[in-house]
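I've put the structures underneath this note.
Next come two complexes built around chain A: one with chain B, the other with chain C.
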Partner chain A sequence: MLKGHQTWIFENRPVLHSCAAIGGPFEAAGPLSADFDLLHEDIWLGQNSFEKAEKRFLEEACEFAIRKGGLKKEDINVFLSGDLMNQIISSSFAARTIGVPFLGLFGACSSSMESLAVASALVNGKFAKYALAAASSHNAAAEKQFRYPTEYGAQKPPTAQWTVTGAGAAVVTDSGDGPYITSATVGRVVDMGISDPFNMGGAMAPAAVDTIQAHFRDLNRGLDYYDMIATGDLGKVGHRIATDLLTEHGLKINEDIFTDCGLLIYGDNKQVFAGGSGCACSATVTYGHIMNRVKKGELKKILIVATGALLSPMSYQQKESIPCIAHAVSIEA
Partner chain B sequence: MLKGHQTWIFENRPVLHSCAAIGGPFEAAGPLSADFDLLHEDIWLGQNSFEKAEKRFLEEACEFAIRKGGLKKEDINVFLSGDLMNQIISSSFAARTIGVPFLGLFGACSSSMESLAVASALVNGKFAKYALAAASSHNAAAEKQFRYPTEYGAQKPPTAQWTVTGAGAAVVTDSGDGPYITSATVGRVVDMGISDPFNMGGAMAPAAVDTIQAHFRDLNRGLDYYDMIATGDLGKVGHRIATDLLTEHGLKINEDIFTDCGLLIYGDNKQVFAGGSGCACSATVTYGHIMNRVKKGELKKILIVATGALLSPMSYQQKESIPCIAHAVSIEA
Partner chain C sequence: MSSKKKKKLSPAQQQYQAFAKAREPKRPAVTNTIKAFFVGGTICLIGQTLQWFFIEYFNFTETTAGNPTVAVLIIVSVLLTGFGVYDHIAQWAGAGTAIPVTGFANTVASSSIEHRSEGFVLGVGGNMFKLAGSVIAYGVFSAFVVALIKIIIQKLGGM
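Moving on to the complex of A and B:
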């Protein structure tokens, strides 16, 4: 049911039945490596293009999530997925392989929680017994499409972020012992006029804040409700801006519980500049590291606020600023 | 509720509260011109790029649908939209203008019914009082991105189709006198190995047939249930293939009720080769012409089967065939 203007409460308590995270060599070298289900040494995955490699990451994440849940592909009623590639070819071609009913989504890096929110709504509304939600990104494929091919060796400013290579997937179903997906807040597009594609974190921070505000306003809930509030890929720059903006708006968030998947995934590695990004950033950190902490009992109530920068190279070339969005999903053990 | 493996029945009877169709000069010259809410003589709409013009078409369709429903933007709980542009910038930038919670979708030309299906599921599940579903396309923007800039004057084969310039939008709500959105069948990706981007109708026909078969199988319904079954943009070539495939599969469909939005929109105009295509093809024909016929009482039960070709220029260059999909939505007066 709808609470407030933009928050969904899942009163039938859909369950996050199983999930999986797959990463590449750079993710394997990071502090969360033990939380991945599979890590590849080769960013090509034996394919002849980065795009095809990304599709394989996504297929593997889906296969693992299905298998870990003791299910078969045929059990899945609907597959929801999004990615950064033009016409979301990673998702569409993975959907061809998986062969189940498919709804393609695009929310840039917010696609991870967009797919989980809609999957949960469909399960809650009894339109699916099993819904599969996923998202993927690939560093080299994203660099080629959005910036410069990495072979050019172009310099980057310190506000730049590093696109995660990998994919995350989750199966949502209508019954079980939890963890439960309890609510979702659908974000509005927020654009503060930033047009620098090397400062995505700064551009996206106001969208994250807008959605966090809406979530707590709609649910009339205190900021101390959650054990962890994790944004998707704001990185160092965006995380600081978001913290400041929340304080300005009277939402004094405890710094111990407020974090960002883009800060967690690579730790202090200076090579990633301001932190991780890409659809796979929040997808792999949530479905790997964070859900493992939930399963261990370290976290009981979490809010994932996946952020997305909805630009295209074309919109940037046409001097448009960057419209941003954030979708939040709460998961409770 | 779920019926069979992939069909949703909307037991709370969401209502297609209001809808609108906006077109360009080529659509104004076609046989359905009287069914558009607004027709523009200028494909630029006063903008300095085709992409920005497409965004304006989409914004106008949404504004008309909201206004015709006696509503304001603030009443809309969620806006669902998709288009053909890379990173669906038409939808994302229109969402910035409209300023309501946004879920971006991508199903290529099936986005029209994908957005209507998900909007109806959200209203049925009480996650939205008012949901806005839309889709857009622009001939010149699509030609530039997927084929050649029109200024090149490249020759096309007779299987090619003409991307519709325009947008369609609908407001779905939880009560009213109808027409009601009664069910939706989510399609699977079907790929028969066709890799010619100038024969989209031929590529998409098997996906349309797969979804039509699933719809009637899941609902255990006879083919004579509907007054009209309209596919999205199969055009002359695809429509003939779909008719033949249905017959082969033992589904003898009455030719008087089986049509295609891509055949309807431009009539016998030879300049469009095999017919219309693009997200706006099924969106404008459904939300203009067909819904006007429903309102007049000429049609009582219709099934729209929007078809989508999920390729990208990159996937085509990498020698991939074209994965296709179709989503069906039934509307009953």
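Moving on to the complex of A and C:
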């Protein structure tokens, strides 16, 4: 049911049946390592290219989510997934392996919540009994496509971020004990003219703010409704800008509940500059760390605002600015 | 950002850029410059030592010693690139490792390694000069222009 201008309320209360998070060696060294279902020490996963490795990460996340839910592949009515590779090959190739009806999505790093929002809408509308939503990214594959070769010696600025290697997947179904997916706010594309691909946080912060504002306006909710509001991958720079921007727009958000998946995943590691990024950043932190806290009862109501920078290597070489988007999904125990 | 670029932005965008700029960590330009100076200088010092070594022990002249010196520096930086060390040194050293011949070797080696998965012809061969290509193209062209200027001055009776 549409509420306000851009928010969907799922009145049939779809359930987040099961979820899984898979990570690489760098994620294993981070503070959230205990929340991953599986961690690999090799970024190649025994494959002969980074792209194939990313596909394996995604396949494993889906297999884990399906198995943890006590299901079989054949039970899934629709698979929704997105990633950062050209023509979303990781998703399409993983869908080839899984062999269920598939809808490919692209929202850059916002694909994690884009897929969850669409999966919940399909289940809510009774178009699927079990919908699988997933997203993946791979540090080396993303560097190769968007920036420079991994071994190239270019100095990165302090605003740069580190793409998460891994994948997250969730199975949404129509009945169960919860946690429930209660609403989703679909974001608008916001472009504030930032064209530096080493400053994604700064580029994406206004999109996150726009979606958060829309969510609370559409639902007429107070900011204290949620126990946690987590943005996808704004990093240190973007998180600070978003906090200040919200304050400037009259939304004084409590620092204790407002966080960012890109800040959580690597802690204070200096090697990642401003923090984590990539589709797997919000996907693994949400489906691993945050959902574990929900299951333990530490968190009751959460809002995940996955942010995405919709640029291509071609568009930034042609000096275009970076259009950004953010999608919000609320989960309540 | 240049003022020309800024003119294309709307007032709201300009306002946001100033807002964001105030909240971004700055590149440590002074520290970076000092590090680059010393690392670049050290690489040159190593090169000079190698040249002296080739002249002293292998009967090279000052002109011919350049080739084996550069070859050694290239081999070392290609090995460091292959072992995954070079990019870490470069993050610390910045322009210090990018400007000397070591930086050039790194661009070629890193592109080749990166695209090995696409095969030897379309991958390694096709992408080897992806980053180094513009250095070669404009390097050769500027050398040509400089040589042309030199010849013109000579013909006019200068030098």
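Convention: the second predicted complex is superposed on the first by the 333 of 333 C-alpha atoms of A that agree within 3 Å, B and C clash if a C-alpha of one lies under 4 Å from a C-alpha of the other, contacts with A are read in each partner's own complex, and residues count from 1 in each chain.
One rule holds in what follows: contacts are C-beta pairs under 8 Å (C-beta built on N, C-alpha and C of every residue); 3 or more make two chains touch, one makes a residue touch a chain.
Predicted model only: the values in this text are computed from it and were never measured.
Just chain B (first), just chain C (second), both, or neither: which does A:Ile194 touch?
second
Using the touch definition from the top, say if A:Lys72 reaches chain B (first), chain C (second), both or neither.
Neither partner.
Counting only touches as set out at the top, which of chain B and chain C does A:Ser49 meet: first, second, both, neither?
Touch partners of A:Ser49: chain B and chain C.
If you count the residues of chain A that each partner touches, which comes out higher, chain B or chain C?
B
Touching A:Met1 in the superposition: chain B (first), chain C (second), both, neither?
In the superposition, A:Met1 touches chain B alone.
In the overlay, answer first, second, both or neither for which of chain B and chain C A:Ile325 touches.
first
Which of the two partners, first being chain B and second being chain C, lies in contact with A:Phe106: first, second, both, or neither?
In the superposed model, A:Phe106 contacts chain B only, not chain C.
Could you list which residues of chain A make contact with chain B in one structure and with chain C in the other?
48-49, 51, 191.
Which chain C residues qualify as touching chain A in the complex?
Chain C residues touching chain A: 9-10, 12-14, 16-17, 19-20, 23-28, 32, 81-82, 84, 86-87, 89-91, 93-95, 97-98, 103, 106-107, 109-111, 113-115, 117, 131.
Applying the document's contact rule, which stretches of chain A touch chain C when the two form their complex?
Within the complex, chain A contacts chain C at residues 48-51, 144, 148-159, 191-194, 199, 202, 205-206, 236-237, 240-241, 244-245, 274.
In their shared complex, at which residues does chain B touch chain A?
Answer in residue numbers: 1-2, 5-6, 8, 48-49, 51-52, 77-78, 82, 84-89, 92-93, 95-96, 99-108, 114, 118, 121-122, 124-129, 186-189, 191, 310-315, 318, 320, 323, 325.
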